[in-house]
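Look for subunit A in each of the two complexes below; its partner is subunit B in the first and subunit C in the second.
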Partner chain A sequence: MAATYTQPVQTLIDELGRLPGVGPKSAQRIAFHLLKAPRDDVARLAHSITDAKTRVRFCVRCFNFAEAELCPICLDDRRSGQVLCVVEESRDIVALEKTGEFHGRYHVLLGAMSPLEGIGPEQLKMKELFIRLEPEGVEEVILCTNPNTEGEVTALYIARMLKPFDVKVTRIASGLPVGGDLEYADELTLGRALEGRRELT
Partner chain B sequence: MSRLYRDSGVVLRTYKLAESDRIIVLLTEEHGKVRAVAKGVRKTGSKFGGRLEPMSHIRLLLHEGRDLDIVNQVDTIDSVAPLMIDLDHITQGMAVLEAVDQMAMDREPNPQLYRMLVGALRTISTSDSPLVVPAFFWKLLALEGVRPELDVCVRCGETAALVAFDMDHGGVLCRNCRSGAPISAEALQLMRLILGGQLNAALAAPVSQASHEVNNHATRAVEHHIERKLRSVAVFERH
Partner chain C sequence: MLVRSLELVDFRNYITAQLDFVPGTTAIVGDNGQGKTNLAESLGYLATLESFRGAPIDALIRNGADTAIIRAEIIHDDGRELLIEAEINRSGRNRVLVNRQRLSRSRELLGVLRVSVFSPDDLALVKEGPAERRRLMDDTLVSLAVKHDSLRLEIDRVLKQRNSLLKQCGGRVSDDVSLTLDVWDEKLAQHGEQLGHARATLVARLTPMVLEAYEQLAGRATPVELVYEPPWRRTGLLHALSAARADDIRRQSSTVGPHRDDVEISLNGLPARTHASQGEQRSLALALRLGAHRLVADKVGTPPILILDDVLSELDSARAAALLANLPIGQVLITTASPLPSDARADRVLRVSNGTVLV
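Coming up: the complex of A and B.
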């Protein structure tokens, strides 16, 4: 195709098109929106991107995003170091924090094991997890990976590796979503919901 | 062009698509390997998300599309639950899926392969024998038309002292012609049972050095045939 856009516009569209979930058409729309927007607005966006990129890094202990050496959660003394919640991504921490139910610390694996894509334990922050346990006096590890095949493989693998350690290993329950219908629930979820039922008193 | 059809299938693998959809790769009974979009299955409230995990054996209603079909309804035939509780079962299941994914052809019906896959997954969930996957691999190769020769030396026809196995030549070799990897008499016997229709006898055999050997030969033979490494095997082999 002949160059329809001038070079800088084309570059902008190409770069935007590389973002997740942004197709060529959306990229074009965003690009034209930016070109029309006031210079200050665009500068602010550009600055916030470079600023976030330079200031944010991984927490050396739990691999959450952090502004300093340690992330706010690792720095918070009120949090219990005895319970450690293992998640796949930083964004899972956000979801868990919203529940307000968890007061321990986290460990981010930065992915999940995927045998079909060849992603094994080496590509994840597994070793980093195992060496944390003893110095931090962890008593319970909660495996909070996604309830899909990859998350399940990851959880089972970690559980196996943690056998020799003197820690309690638990897996988050899976069950029916609040507001859902029993009739539409799949067998696997419903089966697990039954398995993990609790007594009402 | 645009029509609905029903079929049974096994989910071979899934890819994420857009915000909350997935592309599901299935091996179906009547339509061969099919790629279909399942909309909204990554949301927690999805009607059938949990039924479309790899290894699920399901009955589906699909809407035929130009390239990708669309999943309309899903009903479970065999749940993945018994496979999902054990790391070894999952790994074995994944290895089977990967091999089938590599060998199955798009929209090319292969009911025999489908039946073998369903059988293999059922056997994995009930058996602890390490020979289930290698047995499946050998039978898969036999189905593909590359059944290895196990009774006579592929080079000179000698029937005694068969000591080596080489997939390049397609079978066993005697002491004089040997190339490839060595093979023990016990491993050879297991392979003969597997390919000779006595699978249950092979699966009932106690775990031994020979079963590891059969396993290694099977993996190498499949990799030789598909001309690429089996990733799911490599991920766990290092441990």
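Coming up: the complex of A and C.
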């Protein structure tokens, strides 16, 4: 795109445009909004970005966001170390925590296998997962990667790598959203839900 | 299934257009280059979200415009009326609305409208490489059951990832990468086997339909054979992939799988691609389309909308008459530059001139 704005504005638009989910049009809108906003508001935003970036790091054990060596979940000794839930991103932990159903610990891979993006097992926190199993006395690993091509392949890979370990490996079920209508479910989801049906007793 | 009306905005050479169809046969008449095929293509887009000419989606938007809109009123056999709207954007995402409700995924539209398109390019089904024949199989499978579309997309995705991994290896594979390839192979095999099975079942059902259609078109019984027997189906895809592993690594691409399959077509026991005459090839191509159309009509219970795009002029009068006489009963859209053959009883004739529809 030809630079039609003065250089600082164009740089701002370009930088915003590199954020996930922000296209050129949105980048432009956000940039204009920031330029019109009071100086204090913008300074607060800039500060919160640098502050978060300096204070937040990855938990050395599970790679969730943490302010210290360990994240709050790993520090919480009421949580069971016997069950380990493997997710792609920290935000997946937030989603799972909202269920209130899981009382074990997590392990964040920081992505999923995708050769197109140059991500293989070495780029993910896989070895870090395997070395956790014995010392933490893990008995079950729940694979909670996304139910898409890359997530499925990542789960399959981990399952294979865990074969020599003495742990139970499970995969979360995929199926219908609760409170939804069968009629509106796409055929793939519905097919999976049928596959994973359970006997009612 | 019926299309009651079609409305276009900035689609191809149309600034705006508004057409009403009749339940029987609608003929669209006009000189070459006036926009007859564009009308057919717009209906095709609503059915498959692709151009049946294989044109990039960008090409569907009128020169100088940013958004093309296709709007059609569909009436299903059970009386259900649907207003389908597709918005094609030069930049940004395309949108699809059904009864003014936006679909979260455009591909949910598949199956709402079914069409069978016959075009002069169909000769490629017999004369050209396997890609055309794979497309016929897979498009027919999607018409029969929409789930095949997800299967096809999933296989494409896995292949892209697998090929990307093979390229990164640069001809040499460590044990670690070999383990990664294993899981991609397993995924490819899982979905590939499903598609292979679906294709084999389809070809078995399609063969008698094509045989019958060919007989009607050619006027005499002729042995037509369709053979879908990819070697990997004998050993299983997972096994075939592991056997081809060294080759795949060396060539840095996936040399085995459903994306390389073919259907061999033979006439009188000889490969039609190399041995059939021009006329026989044309009849075969028509018979393949007609067979697929009838199969879908049979299985789904209602014939797809039949679009005959400029095919009548390609056929000699006997074949044209035979085709028209053997069309299943349903809604038909015929585009032609030459006068309609006397056998084609059009219930409505629309004239197209320079991007304008004259009634």
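Just so it is clear, the second predicted complex is superposed on the first by the 175 of 201 C-alpha atoms of A that agree within 3 Å, B and C clash if a C-alpha of one lies under 4 Å from a C-alpha of the other, contacts with A are read in each partner's own complex, and residues count from 1 in each chain.
The rule is short, and it goes like this: contacts are C-beta pairs under 8 Å (C-beta built on N, C-alpha and C of every residue); 3 or more make two chains touch, one makes a residue touch a chain.
These numbers come from a predicted model, not from an experiment.
Novice: Touch test for A:Gly137: subunit B only (first), subunit C only (second), both, or neither?
Specialist: Neither partner.
Novice: Which of the two, subunit B or subunit C, is in touch with more residues of subunit A?
Specialist: Higher number of touched subunit A residues: B.
Novice: Figure out whether A:Arg160 sits in contact with subunit B (first) or subunit C (second), or with both, or with neither.
Specialist: A:Arg160 sits against subunit B and subunit C alike.
Novice: For A:Pro38, decide between first (touching subunit B), second (touching subunit C), both and neither.
Specialist: A:Pro38 sits against neither subunit B nor subunit C.
Novice: Where does A:Gly100 make contact in the superposed view: on subunit B (first), on subunit C (second), on both, or on neither?
Specialist: Neither partner.
Novice: Regarding the shared-chain residue A:Gly180, is it in contact with subunit B (first), subunit C (second), both, or neither?
Specialist: first
Novice: By the touch definition at the top of the document, which applies to A:Gly191: first (subunit B), second (subunit C), both, or neither?
Specialist: both
Novice: Do subunit B and subunit C land on any of the same subunit A residues, and which?
Specialist: Residues 113, 115-116, 118, 120-122, 149, 152-153, 156-157, 160, 186-188, 191, which sit in both footprints.
Novice: In their complex, what parts of subunit B are in touch with subunit A?
Specialist: 13, 18-19, 44-45, 47-51, 53-55, 76, 79-81, 84, 86-87, 90-91, 94-95, 97-98, 101, 231-232, 234-236, 238-239
Novice: Could you please specify the touching residues of subunit A with respect to subunit B in the complex?
Specialist: Spelled out, the residues of subunit A in touch with subunit B are 21, 113, 115-122, 148-149, 152-153, 156-157, 160, 177, 179-180, 184-189, 191-192.
Novice: If we count contacts the way the header does, which residues on subunit C are in touch with subunit A in the complex?
Specialist: Spelled out, the residues of subunit C in touch with subunit A are 92, 105, 108, 145-147, 150, 154, 157-158, 160-162, 164-165, 168, 176-177, 179-180, 182-184, 186-187.
Novice: Sort out for me which residues of subunit A touch subunit C in the complex.
Specialist: Against subunit C, subunit A makes touches at 23, 25, 113-116, 118, 120-122, 149-150, 152-153, 156-157, 160-161, 186-188, 191.
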